[in-house]
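Working notes, structure below.
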Amino acid sequence: MKEQIGRVKELAAALEPELVAARRDFHKYAEPGWTEFRTTAVLAKKLTRLGYQVDIGDKVINKDAMMGVPKPAVLKKHMERAIAQGADSALVAQMSGGMTGLVATLRRGEGPTLALRFDIDANDIDESQETKHRPYRDGFASVNPGAMHACGHDGHAAAGLGVANILMQLKDHLSGTVKLIFQPGEEGSRGAAAMEAAGVLEGVDYIFGGHIGIKARHLGDFICGAREFLATTKLDVTFTGKPAHAGMCPEEGRNALLAAATCALNLHAISRHGQGASRINVGSLQAGQGRNIIPAHAVLQLETRGVTTSIDGFMAQEARRIIEAAALMYAVDYKAECTGATQGGESSPEMAEMARTIAQEMGYFENILGITSFGATEDFSHLLTNVQKQGGKGTYVQLGADASAGHHHFCFDFDEKVIAYFSEFMARAACRLLGA
Amino acid sequence: MKEQIGRVKELAAALEPELVAARRDFHKYAEPGWTEFRTTAVLAKKLTRLGYQVDIGDKVINKDAMMGVPKPAVLKKHMERAIAQGADSALVAQMSGGMTGLVATLRRGEGPTLALRFDIDANDIDESQETKHRPYRDGFASVNPGAMHACGHDGHAAAGLGVANILMQLKDHLSGTVKLIFQPGEEGSRGAAAMEAAGVLEGVDYIFGGHIGIKARHLGDFICGAREFLATTKLDVTFTGKPAHAGMCPEEGRNALLAAATCALNLHAISRHGQGASRINVGSLQAGQGRNIIPAHAVLQLETRGVTTSIDGFMAQEARRIIEAAALMYAVDYKAECTGATQGGESSPEMAEMARTIAQEMGYFENILGITSFGATEDFSHLLTNVQKQGGKGTYVQLGADASAGHHHFCFDFDEKVIAYFSEFMARAACRLLGA
Amino acid sequence: MKEQIGRVKELAAALEPELVAARRDFHKYAEPGWTEFRTTAVLAKKLTRLGYQVDIGDKVINKDAMMGVPKPAVLKKHMERAIAQGADSALVAQMSGGMTGLVATLRRGEGPTLALRFDIDANDIDESQETKHRPYRDGFASVNPGAMHACGHDGHAAAGLGVANILMQLKDHLSGTVKLIFQPGEEGSRGAAAMEAAGVLEGVDYIFGGHIGIKARHLGDFICGAREFLATTKLDVTFTGKPAHAGMCPEEGRNALLAAATCALNLHAISRHGQGASRINVGSLQAGQGRNIIPAHAVLQLETRGVTTSIDGFMAQEARRIIEAAALMYAVDYKAECTGATQGGESSPEMAEMARTIAQEMGYFENILGITSFGATEDFSHLLTNVQKQGGKGTYVQLGADASAGHHHFCFDFDEKVIAYFSEFMARAACRLLGA
Amino acid sequence: MKEQIGRVKELAAALEPELVAARRDFHKYAEPGWTEFRTTAVLAKKLTRLGYQVDIGDKVINKDAMMGVPKPAVLKKHMERAIAQGADSALVAQMSGGMTGLVATLRRGEGPTLALRFDIDANDIDESQETKHRPYRDGFASVNPGAMHACGHDGHAAAGLGVANILMQLKDHLSGTVKLIFQPGEEGSRGAAAMEAAGVLEGVDYIFGGHIGIKARHLGDFICGAREFLATTKLDVTFTGKPAHAGMCPEEGRNALLAAATCALNLHAISRHGQGASRINVGSLQAGQGRNIIPAHAVLQLETRGVTTSIDGFMAQEARRIIEAAALMYAVDYKAECTGATQGGESSPEMAEMARTIAQEMGYFENILGITSFGATEDFSHLLTNVQKQGGKGTYVQLGADASAGHHHFCFDFDEKVIAYFSEFMARAACRLLGA
């Protein structure tokens, strides 16, 4: 196997132009969570052609476990757009209801099962249309309004294709099973739970995930593992009161705007936790309709986080009570819906060690860090924690890439060299773990 | 009768020195609501001596309807003090439990029943000890800490003695019944409901009440009646949470201070009422014990008001729900106790007209106003409204008197000439209504 | 003149079908404040044809005094739409910048100047598309999205045409000047100040305004005048903070949403006013962009009111300070822009008396009330108060009409019989005041 | 020196009865921060008698750097009480202004300077008077109302005497200088800064401090060092508004209670910090005077904390701005006074290592932990950080002792065996660092 590993570098390097092209294609047709119809269809086609068994739709997504799904009308519009943008309509049909994402499996007899996870969704952002922004200048900026790959998941999806290509060429030297998980809805912590609930992790012994950039800022930086993934809960809250003329009979109204305002303030006043970091954010609040009407309607989008699943649980429980109390305060009705959630977690030390060895062998990395605090949320931690619970191991790596702006910024772009590195790293990991 | 009425002026004028002395005695031994033990005992002695039937204790106060009663230990201390300051101990014993106040009755055969009401309680204020303050300079400032007649009720009580004296001298010319009601606990709207519940208003056809000053600023001003008495509800609220170390484990606490803070803010945000004036005031908030402990205890004193009993009812209902919601917001326990309440109301136009005629006849008043907006709370309105409900009539007058400071100010004092005017006015009203 | 007045009834009755048609035309092409391009153009055409001197654009609107004007792009779109819907493009051009509304003048030599005011703007509401809603069923529901005549101003505009027609027929019997003011932007209290600042009220001795419905519920009800017009101030507030990742570095953000929330709460906690009714309403609050981003942007629409201009002044002053404090609280920038304002006021008793006489003469009204509390805001009070300040007089009448839903409701419609009554009333008033 | 160290154990064991007696004496005459007049006087006497150079008053306390000092009248009362309870009046006089605490120095020629710090203040708590509470049962409960040693500082002071005694007996074997710092006002983080500002740390190479209990629960537990001392800032805030009658003219008031309420809420809504733990607590809020008066006065006691001095700095800066904004919100005046502050910090690893060696040698400890998160505030960290800044080293140890209740509980008591252990540990540390 040693010599095969030597081939990985060459194979990856040779694939680079193709991977960059794939990334730019995904970038141009950016699709946010649960609407990755075209992205999934394109991946499915290519992976099938490579020889993988490709599962999509309800084989990989448990409908009941989907959180934060857009409304049917929105899904319909996006399905039509995907087809108009070249997606296979039969494939799209299998994803109806928003069941995007796929799993590509390569079975090579006896041996452990390794899952490699790549997230594929875009952000809800309008992309920059300035000429200083390379994707716009070079014609691959998003053509989909309100959707942009501003977090590098286009690169992740492309890197996944690269791994698939390399491993298929080395398949005779592998023993065991490779599962390439292309996950929808990482943003908003929505996709991992639905894939896990569909059984995607059954029998998985090892799981690897990774990200371009984040805490690894520059090409040549590499982080072997993460601790302090923040567990999170996402809630959508609606308050419904009663309108009234604000001049003539304000007392007849039931003020949903003030319920929302007192809710937001008191949510942010939830106690800090003595056991570790917590977070709360009411990210948006939309209330009222007219200046002279007691506002009868309000909607909040919020999230809690905790450095452990238990601390996030404390935050979410406090939040739910405060929401109820805010409704009671103004005698309005309320609804609080969970639209996303993921767990805390941390890399298995042995896997992080292995990642370090691989990174050193690759020769590109000058600045290699061990398990490092992540301090943010990654839907991957739901998958990682579940694999660990069933006795498996895993890690989450970060590959540095110089970026033109921060993640989630409308001018975000990154050094595409990292894509091939990402493919090479994952392929090397597979060779180590499944090498004959 | 006409000629008798002529005598009233002389009788009142002759009593002036005695009434001023009585006022200064009451002033010196000021007693707040439900602790008017000495005041009541002194009145009882004098009225009995004059020949009135005097009822005190549970004959005039319904224990179950008392609101905002001080704690037993406080009452005990004040009873002892009253005796030390000259009150008859047998009389004080009859008032145990805080049942202060009295009704003095003069029955003169057939005829209507007229109630004249005088309030006798002091404020919870420390009196000025500056020589520019006449009561202090002349040695009749309050000797009771935290208690001061800063609203003129000392003058009302003295005026009541004057009326009693005059009417007794004219008794042969009266037909019907006179009830002199010396009411405790006007401040805080506590006494009227308990007297009414004890049956004091049974059979009353007419009721007159009045006040020195307020909207009648100067000697020579007279206001014949009032509308827009504000109904009110007084609430004491306690929040009980759980302490915790604010540095090590703040999340284990249940924060009563924040419950109180959010309660106060949201109470003040209760909607204005389209049907008329409303009020809300959280007058005090005491919370917490130490800087580094999550505060487990908070107490609020608040009141609502409304220009009608129904608007105050709206305010109080909103307030109760907000208190409950504030407790839920911080997962603390709460208790909301009603410590006072009175109704809205307004003078009967015929009685106000009669008051105008009397005021004109008296000859002292240059500036006579009809029924005028009161815009504040007077426990008298509870009595007035109940008399009107049983088919009777009444009014509430204001007699101008130049004052050294605003009502409830620690330097409040007034022109004592008004006391005899007050006695004369009330005696004339009795002569008109019960004159043979 | 007496006999001429007799003709008014016949003339008005004869015009009824034409007025109903005009009302339905205005209804179908509903245009909110400062976008009444087509409405104004249609009125201008008809009034010119009738023989009136018609002034529009900067002759009747002072650009610097316009409040709450839509953005240029919106105005442009609405101007194009008006032309597409039949407006004369030359007329529309004169209204550029949103200077809608007009004044039609009839000069008949010596004599007083009488202004009759009709408001013409629609509400920002989507009209009902249910068959039970007559305008929809009969094909005259609004074809303009987000715009609907839900307050009867379509009827007012039509009634104004009726008056114009009648008075022109009686012109030989009139001495003095009639100014028909067709006012834009009554909703939001935006138009009156700009017309007044343009000099429209110069020389006006009498001013009459009126409304269909409101406190006069049924056909046959008539209210002769109003007191307690609420003065009002409309503010648009923007808070601008700094975004940050809510998981990784929330402390780097500047939270505009919380500034808006604390602003809204504390605004509603502004003290009630002892001198009379006040109001506060934050009618809408839009804040934030994404769930996991510290919200950097918030917009509030709010209004204050007071039963006197001075009480509204108190409210607005408090509001401005609270807005500034809320910005300081969260270290965000803010902007508070006044988008509308009008004064308090009340009818002149003599004019209300004359209105009563006219209403009695008309013979349609069974239930006639004198000056009645309005308890809401009417931009007319700005005009009325200014006419009174220059020594003139005026009143504001309400003509009952059964309605299918409350004012500002998306199903609002009214009994169209009232339109001709309205024309007749105003024409009779002109005949009385300018009758030779 | 080795053999001398052997003697330490015997010397400490022999002192045990005397140390227990000293602890009980301090316990009985408990004195909170800046009032430790008797405690200091007793210590001064004993340490002088042992042969130490004892400095008190302005030699060890910089008056300008004192925070949270009681009012002069309170200090006066406590000074008188101290003398009545046996303190030398000349010594007490030197401490006037609250300059309690002392430094006892032993100079033994060339060599490093070692500071050992013992805190001596009591808590503001009424001690339990139940017979199950040993101090009460055995007659050494606090006789000073509102003052109790509920944190073990009585034991610390006694242990300091033990060390002083032992080291004096071994003085011939020491080279260098020992400074025994008996610090006042540890509670509230008030004393360390004033001692440091007086120059107490000049020339100090090593500093050791410690605590009975806290995270070392049981006799036999030992913790060698601490990290994550929370930096803290203590603020007293006063809001001053304007009173007004809540019924008649609420708008004339300036509401300090609502300023305090909105201040408290918004303080607790300060953003969490991405770089580590922060805390905020408004521990008490006292506002208002009477139910029907707009509250014109409010006082808050609050504290911020941060796991680093920089994070606490962020919290305190946010707090100061929010306080200013709350005052502006209600147009009231404010004052924010810093009454205490200390820094974050952590033990020097080498000193913690040495502590481990000593603890192992002592033979009493079964459960020895290395540098452990403290997660709370200790005024010692101010001293430690300053020594480290000048190139020195230090550590903070915790010696387990079974307790009858949590620290700061009114039933707190501890296993007194730990006192001699504490003396022995500190003496051993001195022998190691200054041993010839």
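Going by the order they are written in, the chains are A, B, C and D; count residues from 1 in each one.
Throughout what follows, contacts are C-beta pairs under 8 Å (C-beta built on N, C-alpha and C of every residue); 3 or more make two chains touch, one makes a residue touch a chain.
Just so it is clear, the structure is predicted and the values come from calculations on it, not from any experiment.
J.: Higher C-beta contact count, B-C or C-D?
T.: Output for the comparison: C-D.
J.: Let me have the rounded angstrom distance from the C-alpha centre of subunit C over to the C-alpha centre of subunit D, please.
T.: 69
J.: If you average the CA atoms of subunit B and of subunit D, how many Å lie between those two points?
T.: Here the centre of subunit D sits 52 Å away from the centre of subunit B.
J.: Roughly how far is subunit B from subunit C, centre to centre by C-alpha average, rounded to an integer in Å?
T.: The computed centroid separation for subunit B versus subunit C comes out at 48 Å.
J.: Provide the list of subunit B residues touching at least two other chains, using ranges where the numbers run on.
T.: 247-248, 250, 258, 262, 265-266, 268-269, 271-272, 274, 279, 294, 375
J.: Assign the assembly's chain-to-chain touch graph to one of these shapes: line, ring, star, complete, other.
T.: complete
J.: Under the definition above, what is the set of subunit A residues touching subunit C in their complex?
T.: Within the complex, subunit A touches subunit C at residues 124, 188, 230, 232, 234, 245-248, 250, 257-258, 260-262, 264-265, 268, 279, 281-295, 298, 301-303, 305, 375-377, 407-408.
J.: For the complex, give me every residue of subunit C touching subunit D.
T.: Checking each residue of subunit C against subunit D gives 247-253, 255, 258, 262, 265-266, 269, 271-275, 294, 314, 321-322, 324-326, 328-329, 331.
J.: Which bits of subunit B are touching subunit C when the two form their complex?
T.: 265-266, 268-269, 271-272, 274, 276-280, 375
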